[in-house]
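Just below is one structure, and these are the notes that go with it.
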Amino acid sequence: MKREDLTEKLLDIKREKGWSWKHICEKIGGYSEVLIVGAILGQMKLTKPQAANAGELFGLSKAEVAMLNEVPMRGTGTPMPPTDPLIYRFYEMVMVNGPAWKALIEEEFGDGIMSAIDFDMAMERVANPKGDRVKITMSGKFLPYKYYGASGNVPEYGFKEGE
Amino acid sequence: MKREDLTEKLLDIKREKGWSWKHICEKIGGYSEVLIVGAILGQMKLTKPQAANAGELFGLSKAEVAMLNEVPMRGTGTPMPPTDPLIYRFYEMVMVNGPAWKALIEEEFGDGIMSAIDFDMAMERVANPKGDRVKITMSGKFLPYKYYGASGNVPEYGFKEGE
Amino acid sequence: MKREDLTEKLLDIKREKGWSWKHICEKIGGYSEVLIVGAILGQMKLTKPQAANAGELFGLSKAEVAMLNEVPMRGTGTPMPPTDPLIYRFYEMVMVNGPAWKALIEEEFGDGIMSAIDFDMAMERVANPKGDRVKITMSGKFLPYKYYGASGNVPEYGFKEGE
Amino acid sequence: MKREDLTEKLLDIKREKGWSWKHICEKIGGYSEVLIVGAILGQMKLTKPQAANAGELFGLSKAEVAMLNEVPMRGTGTPMPPTDPLIYRFYEMVMVNGPAWKALIEEEFGDGIMSAIDFDMAMERVANPKGDRVKITMSGKFLPYKYYGASGNVPEYGFKEGE
Amino acid sequence: MKREDLTEKLLDIKREKGWSWKHICEKIGGYSEVLIVGAILGQMKLTKPQAANAGELFGLSKAEVAMLNEVPMRGTGTPMPPTDPLIYRFYEMVMVNGPAWKALIEEEFGDGIMSAIDFDMAMERVANPKGDRVKITMSGKFLPYKYYGASGNVPEYGFKEGE
Amino acid sequence: MKREDLTEKLLDIKREKGWSWKHICEKIGGYSEVLIVGAILGQMKLTKPQAANAGELFGLSKAEVAMLNEVPMRGTGTPMPPTDPLIYRFYEMVMVNGPAWKALIEEEFGDGIMSAIDFDMAMERVANPKGDRVKITMSGKFLPYKYYGASGNVPEYGFKEGE
Amino acid sequence: MKREDLTEKLLDIKREKGWSWKHICEKIGGYSEVLIVGAILGQMKLTKPQAANAGELFGLSKAEVAMLNEVPMRGTGTPMPPTDPLIYRFYEMVMVNGPAWKALIEEEFGDGIMSAIDFDMAMERVANPKGDRVKITMSGKFLPYKYYGASGNVPEYGFKEGE
Amino acid sequence: MKREDLTEKLLDIKREKGWSWKHICEKIGGYSEVLIVGAILGQMKLTKPQAANAGELFGLSKAEVAMLNEVPMRGTGTPMPPTDPLIYRFYEMVMVNGPAWKALIEEEFGDGIMSAIDFDMAMERVANPKGDRVKITMSGKFLPYKYYGASGNVPEYGFKEGE
Amino acid sequence: MKREDLTEKLLDIKREKGWSWKHICEKIGGYSEVLIVGAILGQMKLTKPQAANAGELFGLSKAEVAMLNEVPMRGTGTPMPPTDPLIYRFYEMVMVNGPAWKALIEEEFGDGIMSAIDFDMAMERVANPKGDRVKITMSGKFLPYKYYGASGNVPEYGFKEGE
Amino acid sequence: MKREDLTEKLLDIKREKGWSWKHICEKIGGYSEVLIVGAILGQMKLTKPQAANAGELFGLSKAEVAMLNEVPMRGTGTPMPPTDPLIYRFYEMVMVNGPAWKALIEEEFGDGIMSAIDFDMAMERVANPKGDRVKITMSGKFLPYKYYGASGNVPEYGFKEGE
């Protein structure tokens, strides 16, 4: 069994039962919908209690429940560049705005990155008379590049922001 | 003169003068820093008054000012997949979370996309005892796929959300 | 079940029954043939009534009907660059004429794009003594790039066309 | 001198003079703007009289005028997939709709293609209260695949449409 | 059923029966061997009478015969660049000689292409004491680029060859 | 000096002088136009007498003449897949017809290839009331795959055609 | 049945029987081990007597024996660049040394190639106190580029080596 | 001035002066040689005092010193897959061992990554009678994937290691 | 049976039994966990005794045990660039630091590489109040490039380090 | 100065002087021609005495001589797959024969590779009445994969050939 086979099975059941994602997320519980849907689609892991909930909801075998509790090989479900227009628009934002984001984050925080691991996000619908908008709020921990000495430890006069 | 040559010239001046991005954005004025820095880096266009401000600040020729008022060939400055870690992390978010975003946006809004054109964003620093965080808030207009009849107009019993 | 498996099944039935696309589109009804054929080929979604019509015509299960009402992962059916000559010719038009289209649309409308989402098209045969022609008429909403201030709102002296 | 160097020079002059594309097309004359702008951008050829007009307008050398009368190595100016959002949207249309176009054209015309060579197009602005639209009308000659016998000539009971 | 599955089935039968391509082409009849073999390999379409012949020869179902009468999604069977040495050599000819062919065809015919659609070819063996040679004769219709005015029609003083 | 710089120089002179390819080929002499144009474009080598002729015609330095007598790094001038429509059509022929050519050549000659090295071609214009045609005749030596024994020599009961 | 399915079956039998490649090559007989192993792995063809031997050894059907006698679509079994370290090292040799090989072969032989078709090789183990070495001896026929006149024949004062 | 131009200049000076990397690192001081050499090669940033040291050593302008203090666009100097054998071997280690590293790190630490940002390394030579060895010691902070609730905060019964 | 099918089977059993990697490695014994897990995942080979242990643990057939004792086609399990964040971080280290590693290793050892074959590594967890760290220690034999004379042997005044 | 600029300069001088590679190799001395030509083409390093010889021969500056003594960034001069037919043929050999080489080397030597670093080769012309042949003899050290225990040392009952 591959994770993508399990995903296909779960989507088949969702379709047959006529469940919404909202319904599935409520039954599994505890996390943001982005994470739970991500786990069903084979990109995230569920905790053991969540996987047990999913097992009950979908009628899964012990091995299938165990698989939902495993960290998947991430990123395998999305061709890059994305062919689907909805996902492509996010890719385009990164391509067009990436250099400006880099310049501004580095001016504010110094050398480093915004983590894609210690990272959370929320999505909401914002009513607007000209057409509703998708609002996304995300926050990621800033991780400074570690500058270190020959010993592997940070040297005495190490990196200071803005320096 | 290519846009990338102008970008290189502007960055050389920035370096020689020791200006920050904040300083440049204040002098050009009127827009989010993301857009103004994007324009300096060759991904966005400045309005005529902004381009004039930039021309005064950087000491540009008439043709260089005109170029800043042109829509550039976007996306040429970023290799994809991004080689720079800071930009790559955003790419990874799209690759890993894209399918879940698609599922949730379509369940909420129906068939369509979040626009990458009618789109705004803001970035801010959020203090945090475990390490400050980069917070990004973005909102894009939801654009429903147009479903139309043979005449090119939307047919009588057209697309309704959730249908 | 994957969407491409459903597509394969539908094409098998079409072949066995000897149906034309015209016949299928009439039975499903309501939309342009481009959209309905697109849905059968796994690139578009049908509304619930249309999917029900398709289900009756092809003798589909409840889950298969539900799948036709889902937004598919678009773009997965076409290798790019297209290997098929008919599709490649359109790709070539974009590659060769794209820069000129960009220049002319931006001169007329300002910074923005022609939407590929709020978009309709019609195809017709035009008799011609030197050989009939395929005539394609398409129209897409022009979406101006949103230029916004630090607050995320459009600033006072915002973008004006041609400026 | 490469064609792209000439393009860069022409765009520099356009910028310095503050000319619009409309102005340039009127001065060169005779063809659709799509073709003339395409020639300036290095994708099309101008006739000798048109190239002479361009030479006068831009103040070009004899060799530069001759280059405008040459067929360029087409398609070199556009990265594929296009990184620029305006051009990408057309690429996406082909990727998403290509299979449906293929099915419908072949059902109507038989085996063959719509020519991208014997091909014309026009672009116009259509006012619309919900936002103006870009309207594109294109027509290409249908070219049937030649089915031939061992001698290289079409055999007696050759291909008939719909057969 | 996919076209490649049908190809695999036909090749299995060919192998079991010990038939040569010559034999198969004679039984199907009417066209050049290049086209008939191309159809068996999933790159060309057979006419209805030819498909019926093939059906009888291979013992095919009605749907399989119908599939042979369909225009396939061409080009899917050949990885590019070709990994097989025999096919690669042709690819190499195009890569190495392409620019010279372009220069010579355009000098002789003006701006346009040699059609790959209205195109025929024949292959023969030429005895040679130093080693027999493969002789290929191909002819394609020259298609001039259409130069047109704003109305979509060819303007008064249109394109003349060599101009 | 790179070969592409020399090509650019030669094309500049050709443009300034208003020479045709035919004229250049006559002056250099001795070979097919395909080869001589190929050499000017950096894909073929000229013999010493031919290079001397070219040197006289174009007014070249000794080193430039020597470079025309060198074997170039072939294939560097053509992006693959070709972006230019004229060259792409040949690429498409290989992609679509390659498998059939392989099947037919192997049935006729056995295991091997048609050489792209010991290879000649001629191009001519064939008048045709429906539109003139480009006729290409090419012949390449058939090279059988060498089947050999452990010693590196062909073993006693070696490969026989058709076996 | 695809050639790769047959390869998989043959390897399964090899594994179950515990046969070495040496054993298989002896049973099939007549050719270098490189060729016979290549045929089992789907890259070479066996003669009819060899295929019969293989059929007896592995217990194959008539169609499977026939498939071993067919020329396969070569090169499909190796991802390029090779991911396997053993194969990658050969790829690296070509990448790093290719330009020097080209220079030296052309200086010695003139314009042409070393054939990869009329080509043989042998591999042997050479004992060495610092670690045994793999010794490879290969020889390929030098094929001179054919330089020809307009008629397709080699012209009077044709190509001479070193000229 | 681009960062790669500065790198080229610094390497030219290093070559002319005959300096070793060790010498340069001592003069710039404070950090591991991996970081300082990385900065000279355009992949890392130097602190202001270090950049000043570099400026004195190499005789740089104020703008060049400022550039060494900027965060570069990382990863632009290495083609991937690496063509250079020394760098390729590390790439190969990741390709071959990556899945095992993933399995073992996740079993030990739970879902997350080893940071490539908060990361240090040291390289040393280890004498060995069979041939000296390169010893690399690296340590990176383990960053657990953040699992969060709808509010963006970690939910009450959040992720626990091994769960 | 393909190696990836065996991997899938082994992972299914691991999941059903609820075994940890530690448990599996203890049962198979003798090697570093990196190697044993690598073998289970299809990247390494087990010795015969180890494969026998694995066969007993997982209940494998004789052919499956034999397959574990075979050298696999390495590198097929990891898309490159890696899509999984954990593996990507290692890829990024190589891309960003590769040129510096090359400079330092060559200055210390001369021309050559650190072997990825005669190579060992260990991974351990290092407790750290700011977050535990993954520590990796690896050592690879330095292999000097062989510089040799025309005879294939190292010439008299061969390569000396630092020369 | 980049290595490729130095290569271009050296080739210009070679062309102007009319030197053969043989002449250059004799003047530089000591190594196989493959290595010396490789160094001139930017793929290998010369020892200090050899670089001094080259400096004298070509009239190089001190920095240029120093550059010839540096290890270059290998592999940057050859596009892969190679576009030049001579180099491509070697690439094809690896692609087609790679799997068989892997099978035979591993059966003879066990798990490991033939080194591309501790590697030598010689090329010679072999007269042959059917056409002279290029004979290449190469030998590379076999490097066994190191199988090691948790301590990083080879465990007691380590890897034995054939096991």
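Read from first to last, the chains carry the letters A, B, C, D, E, F, G, H, I and J; within each, the first residue is number 1.
Operating definition for what follows: contacts are C-beta pairs under 8 Å (C-beta built on N, C-alpha and C of every residue); 3 or more make two chains touch, one makes a residue touch a chain.
Protein identities per chain, from UniProt: A, B, C, D, E, F, G, H, I, J = Cyanate hydratase.
Bear in mind that the values here come from a model prediction, so they are computed numbers and not experimental data.
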**Request:** In contact with subunit D and with subunit G at once: which chains are those? Just list them.
**Result:** E, F
**Request:** Averaging only over C-alpha atoms, locate the centres of subunit G and subunit J and give their separation in whole Å.
**Result:** 21
**Message:** Just the number, please: Cα centre separation of subunit C and subunit H in whole Å.
**Reply:** 45
**Prompt:** Between subunit D and subunit I, what is the gap in Å from one C-alpha centre to the other?
**Reply:** 52
**Asked** Residues of subunit G that touch two or more other chains: which are they?
**Response** 33, 35, 44, 73-75, 80-85, 92, 95-96, 99, 102, 106, 112-113, 115-117, 119, 121, 137, 139, 143
**Prompt:** What chain pairs are in touch here?
**Reply:** A-B, A-C, A-D, A-H, A-I, B-C, B-D, B-H, B-I, C-D, C-E, C-F, D-E, D-F, E-F, E-G, E-J, F-G, F-J, G-H, G-I, G-J, H-I, H-J, I-J
**Asked** What part of subunit F is in contact with subunit C in the complex they form?
**Response** 81, 83, 85, 88, 92, 95-96
**Request:** Could you please specify the touching residues of subunit D with respect to subunit F in the complex?
**Result:** 1-2, 62-63, 66-67, 70, 73-76, 78, 80, 116-117
**Asked** Mind pulling up the subunit D residues that touch subunit B in the complex?
**Response** 8, 12, 15-16, 18, 79, 82-85
**Message:** Give the list of subunit H residues in touch with subunit I in this complex.
**Reply:** 20-22, 33-35, 37-38, 41, 43-44, 74-75, 77-78, 80-82, 84-87, 89-109, 112-116, 119, 121, 123, 125-126, 128, 130-143
**Complete:** Counting only contacts in the complex, subunit A reaches subunit H at residues 30-33, 35, 44-45, 47-49, 69, 71, 73, 99, 102, 106, 111-113, 115, 117-122, 137, 139, 143-153, 155-160, 163
